[in-house]
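The structure follows.
Labels for the chains are A, B, C, D, E, F, G and H, by order of writing; each one numbers its residues from 1.
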Amino acid sequence: MELGAIIKHDQAKAPKTGSWRYMKPEVDKSKCIGCSTCVPYCPEATIEIVDKKAEIDFEYCKGCGVCAQVCPAKAILMKKS
Amino acid sequence: MNKDLTKHHAPGHSACAGCAFPTIARTVLNEAGGPVVVANATGCLEVTSTLYPYTAWKVPYIHSAFENASATISGVERAHKILSQKGKVKKETKFVVFGGDGGTYDIGLQSLSGALERGHDFLYVCYDNGGYMNTGNQRSSATPYGAATETTPTGKQSFGKMEVRKNLMEIVKAHGVKYLAQANVANLPDLKKKAKKAFETKGPTFLLVFSPCTNNWKFPTSEYVKIAKLATETNFWPLYEIENGKYKINTAPTDPKPVSEFLKTQGRFKHLFSEKNKPVLEEIQKMINTEFARIAELTGN
Amino acid sequence: MKNGKDIFEIIFHARGGQGAKSAAEILAQAALHEGKFVQAFPSFGPERSGAPTKTYVRISNHEIRTREPIVDPDIVIVLDETLLEATKVTEGLDKNEALIINSQKPAHEIGEMIKFNGKIYPVDANGISMEIVGQPRPNTVILGKIVKIAEIVKLESVVSEFRKIFEGKIGKENCDKNILAIERAYDTI
Amino acid sequence: MTKNTKKLALTGAYAGAEALKQINPDVMAVYPITPQTPIIESYAKFCADGEVETEMIEVESEHSAMSACVGSSAAGARTVTASSSQGLALMNEVLYIASGLRLPILMLVSARALAAPLNIHGDHSDVMGCRDSGWIQIFCANSQEVYDKTICAMLLAEKVKLPVMVIMDGFNTSHCVENMEILDADAVKNFVGEYNPEQYLLDIDNPITVGPVALQNSYFEFRRDLEDAFENVQGELEKIYDDYEKISGRKYGVVEEYKLENADKVLVVMGSVAGTIKDAIDELEKSGEKVGLLEVSMFRPFPYETIKNAIHHVSDKAKEVIVLDRNLTFGTKQVLASEITHAIKKEVRSVVYGLGGRDTFKKQIIELVEGKNETGFIM
Amino acid sequence: MNKDLTKHHAPGHSACAGCAFPTIARTVLNEAGGPVVVANATGCLEVTSTLYPYTAWKVPYIHSAFENASATISGVERAHKILSQKGKVKKETKFVVFGGDGGTYDIGLQSLSGALERGHDFLYVCYDNGGYMNTGNQRSSATPYGAATETTPTGKQSFGKMEVRKNLMEIVKAHGVKYLAQANVANLPDLKKKAKKAFETKGPTFLLVFSPCTNNWKFPTSEYVKIAKLATETNFWPLYEIENGKYKINTAPTDPKPVSEFLKTQGRFKHLFSEKNKPVLEEIQKMINTEFARIAELTGN
Amino acid sequence: MTKNTKKLALTGAYAGAEALKQINPDVMAVYPITPQTPIIESYAKFCADGEVETEMIEVESEHSAMSACVGSSAAGARTVTASSSQGLALMNEVLYIASGLRLPILMLVSARALAAPLNIHGDHSDVMGCRDSGWIQIFCANSQEVYDKTICAMLLAEKVKLPVMVIMDGFNTSHCVENMEILDADAVKNFVGEYNPEQYLLDIDNPITVGPVALQNSYFEFRRDLEDAFENVQGELEKIYDDYEKISGRKYGVVEEYKLENADKVLVVMGSVAGTIKDAIDELEKSGEKVGLLEVSMFRPFPYETIKNAIHHVSDKAKEVIVLDRNLTFGTKQVLASEITHAIKKEVRSVVYGLGGRDTFKKQIIELVEGKNETGFIM
Amino acid sequence: MELGAIIKHDQAKAPKTGSWRYMKPEVDKSKCIGCSTCVPYCPEATIEIVDKKAEIDFEYCKGCGVCAQVCPAKAILMKKS
Amino acid sequence: MKNGKDIFEIIFHARGGQGAKSAAEILAQAALHEGKFVQAFPSFGPERSGAPTKTYVRISNHEIRTREPIVDPDIVIVLDETLLEATKVTEGLDKNEALIINSQKPAHEIGEMIKFNGKIYPVDANGISMEIVGQPRPNTVILGKIVKIAEIVKLESVVSEFRKIFEGKIGKENCDKNILAIERAYDTI
């Protein structure tokens, strides 16, 4: 065991919180204007703008729906996963 | 995962889906502009980010207990000072505490007060979700008047919490802190500016950041931004700063919405919309008007 | 109890916030009401909305003394089919034992998905509760199905416990609707 | 026996809250901490609904919770609280003050591990950490015991003028719904009676000074008084248990025995694991192993004589007395093992189990008894 | 012995010859106008008045620990409330805490803050002698800037205490306390008036009373009144009150003496009169001017 | 042996401060309490005069003092503090955290009674109250020992990565001027060396997380690690003592013996009363009573084997092993008596003395040995 | 011993702090104008006005000299006792 | 040491704030300097200015191990004659042992007053220090007398210790004056 329980960040040890997901955000790339509004609000920091479109890392996305809620273009839809 | 946003606090943490504080933590840390050490009081942020064997923290991080984060950072900061003097550490470093409202307004207040008085060079960030959320939603002295919690439940003889919120901003200000500000997770540019200013100020600084809790305020997981916005739009949570004793309101609604717009979004206030509790609702609106007027007056405008 | 068993062990799989705890408790109270010995407890952890959780229920004709978590359940309940991916819900279940799951999918499809050849009872608890209650309340609705399959308590006991616990909280009308939904789940095949 | 008892399925925490409700104390000062929260949350609801006449003081730390209890109890009010783990450690200083002032405060403890590292689950580190603070400590194995012993403890505290902790295992007991029976409210009301202290702060016409400075000339004497007070505890508690049997039909002692008579080996434990062990003992019996169980319920004061008498017929000939501690002390003997050694004046086998909520299985107990685990730990 | 003055606190106590606080304690209690219960934090007052087997207190009195007097009185006050409701106690009663500055500004601050927030009906009196006197004169956060104490001694690299006093009045005020005031043992009519007002106000109230310490400030045992007077005459210790948020200066010197007049009476400031420490002395004068101006401005005059 | 030693007459408190000065730690976080104050006051003066390179943090409570130490030690700084009594009780929670995090913090304790009632004088209640918090505890009998053991303890802490308390009797040792010798500053500097932890917070490029949450799956393991760490303490301390002898000429052990060889009776004690007892033993010798003394210096971890070996030749035939506790526990065996019983596997005579600063006279010791006081107390 | 060390005020048990006195205040009755200034400031509350003159209770007077210091009529003199 | 005694025990009676502690310490340091074993400690209590206090000093040729308070002193020092009323200063003193007292009164008068027929050595330490130092410093001044009577340490040792401890604090000039006063006390009969 680590001395005094001191640990180091290791993303490989991260629980894949994608398994929490109940609803899944789907970016409608045709609607997405790449405005980045959703990016900083995602609690899991899973959204990146790739080629001017929002892209979600489903390994960690918990499906909260915050992104969909804040998107000015209504480009994200929450679907039952 | 988003690289820019995960330089300090990474996903894999176990905060509730739709929780607000991860956004606060990483936004603040991004403004440190260099090495930063974090101390964290026991609470939701701490418990959800350091579940052995995984830590979400990519920067040096220490959690000791619930009530002593400020004393803990005092030790770290002074260690840095002397070890720098002795040439044993080289890098200029910033020091940040994250504490929940319980760990700040209540059980950690004395530790904070002592650290402010001694003048350590650190930023204290209180993410305020108005209650002890980690333990399942008991009242704190930050819980809004009228809110139902597990220890201030509604009942035949109760309309929820009957005491008004402690005014932490004023208490911290009374310590002669050079820069302190009230911010909101919904307004990130404002939060960033404030964090930056705080980091640039020598000595203790303080941020009080509004942080909705989907789980215990009882609203859908998708709503934290909307609800946080409403808090400022109703003047429930004004955005202001106090710099060298001078008050400044950063942005305020020109035509504030009635506070009920904010309250009705959350289960914890549901009971206030009964006929019986109308007076409580009115009382709350009055309190909010008074407090906003008080701050506005202090800005000298 | 079913099959002359002396003790019946149930595991609920759910997500934090989905109310597995109250479902388990209603079940326990109903069994108590029928003179049974019961035990119900969560698999303890810092529970967060969304995170997978387990809840254990034991029902017996004799005093229950053990505090072990259940490792060999007689029935497993899954309140949220999305859990199937992340959690081995059939652990400890043999093919004579049953899996009740809140899902619209047919049993065989689920069975293939999770590679389980025991009994699978899907019930569209979300659909039922949306339809009758107007809100998703899969946790209570699914009780109807459990009663039907497990035969450990009577439907009326569950219904009366539900009423006892919730009528005060949610009002008679809403309560009646919920009960109707429980009954519907009991009736669906 | 009183009629109108009610059969319920409650967690230990709710059972404790229910007992408190029936006691209807004057003041309850509390601070939340897992896994004590359901106790205080239920009680807050009783207050909100006017079901009790209790001033609930929701303070800003456990140090203040116990301090407010000290104030309230000294003022003359029947006073209760509840805590756990870090909370108990934080109020450590005031625990000694409460006992030194001879204040009959009742505290429910949902026992939990102590940091660091942080762990919210059950073990006995917290209550063992304050075992020498001058409080009576009573362990419970299940919801029924929590309910019954809470009621008896209130009476005991006021009788012997000492504070009492009633201890349930965090989560294992506090959060486990199980069958139990509660008495009629009036029966409990009569049983605990009114609290009328002889001396109290609010007796304005007879002013007293509470908590003076006692230097070399007197401190020692006050400490001895406190030790003397502990001498009476067991007798008084046994009397109260006898009386309680009359209204409840349930009989308690400072220890509980299970199949001890013909046992070749004895297991000694405190708390909720007793249930699992009984199952193990029954199973072992089938395979011819005669194992008995001694549950220590009253841990402070420690009933050396009672324990000696309960197991000397076993320990004299026994192959083994196995003592299970749910707590790990460093660089010394384990606490319960040490006490049992003193009681029976023989070496025991000391085993540590269940730290930080680690589950304990029947199988592991059987292995232990069968000599298949010699590590000194059930992990 | 004087009958009128010893209704609550009698001689036979062991405070140093010439100590100020006995005067404060009995003057305040005399204004209670009826039954009163005292809670006392560990400190000089407590230790000197309750040496077994003698207690100087003729009223109900409780001492629990150093840091918890406010929590203790919270328990007493609520006990009184419920026992009154239940008809078990009959008399209306006032509740007072006496705490030293260490027990109030520092280790007892959180307990005080909590009690203020909960709104107990009690008066907190902090007798401020600017340090931990009971333990032999260590610094507290009330110790004046520049004062030498045993833990802020003068030395090659030190001119005494280097941090400014915590502003306890502002901190308490920030809690929304309805009545609080700064008083001085040298001005007893003013102290009486303030104590009376405090007792008459429902809810928590607060008095901060200047209390010279002959032993550790190092002045002759006969001088406490003179020195305390000088504190107000130099504006080192302004007399003011805050009632429902409104500031009022009660009496102020028309032509304040230089603060050195006050400082030079005490051994703890002796080193400030060296050539080297001239800037410190000037700094102190400046601080005092600024603070007085701040208060004066707040009075709206 | 190093030259340039200096003979002085110092109190225990000043001796401790002097040792700290020579150690020259990076950080000292403190809060004053009688009878610890002279330690921190002297140190403050060293700082004010620039004689040490130490950041002294004067915090607002003992809880914060230990918390700042935790922060500082985790940050990588050599960290010390000092406390007593109510202060030690108030920081109770954080003591467990310091040991759980394996932080080598050194604390001087001027041991004192615990309230209520309030008493500022010497006894061991405070340190006994935290004996299970995972700290090494080393007792001193006089100023010389305080000085020597403080130096050795700093090294020990860093070697075994555990926090250490060096304990002197409040007033009896802390405030008593007596002969002692200090080493040359350079000798001490070399002896304690530089502190270079492997992992520390301020190592910005290798970020670590200190103090995580460890649940059922790992907490138990971390506790066992801590217990394992205690296993090495005695060996390491003995090595350090050996090395220290080379520079000081003074040899320490985890226990000290006096006239044990031919003793018929043994007295076992900790702390400053040892001196008075030695006088009593010499006097008893004259009248033909052969009495020996065993001083327990390292109390945590408890050196059972060493003690057994030291007195088994006596205890086997001895009429009596008399164990003196300067602490009174309630409803249980006395602490040191209990430990000694375990060490020698025989009953001992348990006597409590010196509570709240009560003086202990040679005459009383003699009476005790001669069987003229059978009360179990020296009062 | 008292239960829980609870004690009651009993003036008979009070240490006679007059024994602390090193200097003794002497009221010059001819000078004393009975103005009472000294009375409330005496830390020991030992001064009473009897027949319009200050009178000191020497059982408790510690001889601090505060009375002499505050007396506007200089009616009190501190003498070596 | 005087009379071939192996250990010499002294009690100082004084008031809190009168500096008995530093007098005792100077004595102890001086003895240490001469190769003696010493011990000095206060009778512990919450000391307040004005309250009567005791301080103990032991000086010996051998290691001092006992921690007992002194009950059978060889010499008693009274720093303030007003203490005679309240305190039994001669407790444990027999008539061959000495009482040194800061007083202007003649020995016989004091002897009568306190009913002590042993040796009494009054010294006007206040007078001497007022005259020479200009301030009352009876605590150090009386050391001269102790040296003279007790013969346990040499005057020069005391003087040099005084200088070591105080020269830095009070300056050379003042220090010299104090030393002069000590010497005067030594010389007065």
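Assume a contact is a pair of C-beta atoms (placed from the backbone, for glycine too) under 8 Å apart; a residue touches a chain by one contact, two chains touch by 3 or more.
The shown structure was predicted, so the numbers you read here are calculated from the model rather than taken from an experiment.
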Next on the checklist: Starting at chain F, how many touching-chain steps does it take at least to reach chain H?
Outcome noted: 1
Checklist outcome for this item: Comparing E-F with A-F, the busier interface by C-beta pairs is E-F
Item to check | Centre-of-Cα separation between chain H and chain B, whole angstrom | outcome: 63
Checklist entry - At what distance in angstrom does the C-alpha mean of chain H lie from that of chain E? => result 39
Checklist outcome for this item: Rounded to the nearest Å, the gap separating the Cα centres of chain D and chain G is 54
Item to check | Chain centre separation in whole Å, for chain G relative to chain C (CA means) | outcome: 81
Checklist outcome for this item: Going by residue number, chain F touches two or more other chains at 58, 60-61, 63, 86, 90, 93, 97, 100-101, 115-118, 120-121, 207-216, 218, 221-222, 357, 359
Next on the checklist: Two-or-more-chain contact residues of chain C, please, as numbers and ranges.
Outcome noted: 44, 46, 50-51
Item to check | Contacts with 2+ other chains: residues of chain E | outcome: 14-15, 17-18, 46-47, 50-53, 55, 57-58, 63-65, 67, 106-107, 109-110, 113-114, 117-118, 134, 141, 214, 221
Item to check | Touching residues (chain side chain D, partner chain G) in the complex | outcome: 100-103, 161, 199, 206-212, 214, 218, 221-222, 225
Checklist entry - Which residues of chain D touch chain E in their complex? => result 26-27, 29, 53-55, 57-61, 63-65, 67-77, 79, 93-94, 97, 101, 201-204, 207-215, 217-218
Checklist entry - Okay, in this complex, where on chain B does chain D touch? => result 42, 46-47, 52, 63-67, 106-107, 109, 132, 134-136, 138-139, 141, 150-158
Item to check | In the complex with chain E, residue positions of chain G that touch it | outcome: 5, 7-11, 13-17, 20-21, 39-48, 57, 59-60, 62-66, 68-70, 78
Checklist outcome for this item: In the complex, chain F touches chain D at residues 63, 86, 89-90, 92-93, 96-97, 99-101, 113-121, 128-129, 131-134, 136, 211-216, 218-224, 226-227, 230, 233, 300-302, 328-333, 335, 338-339, 341-342, 345, 347, 355-359, 377, 379
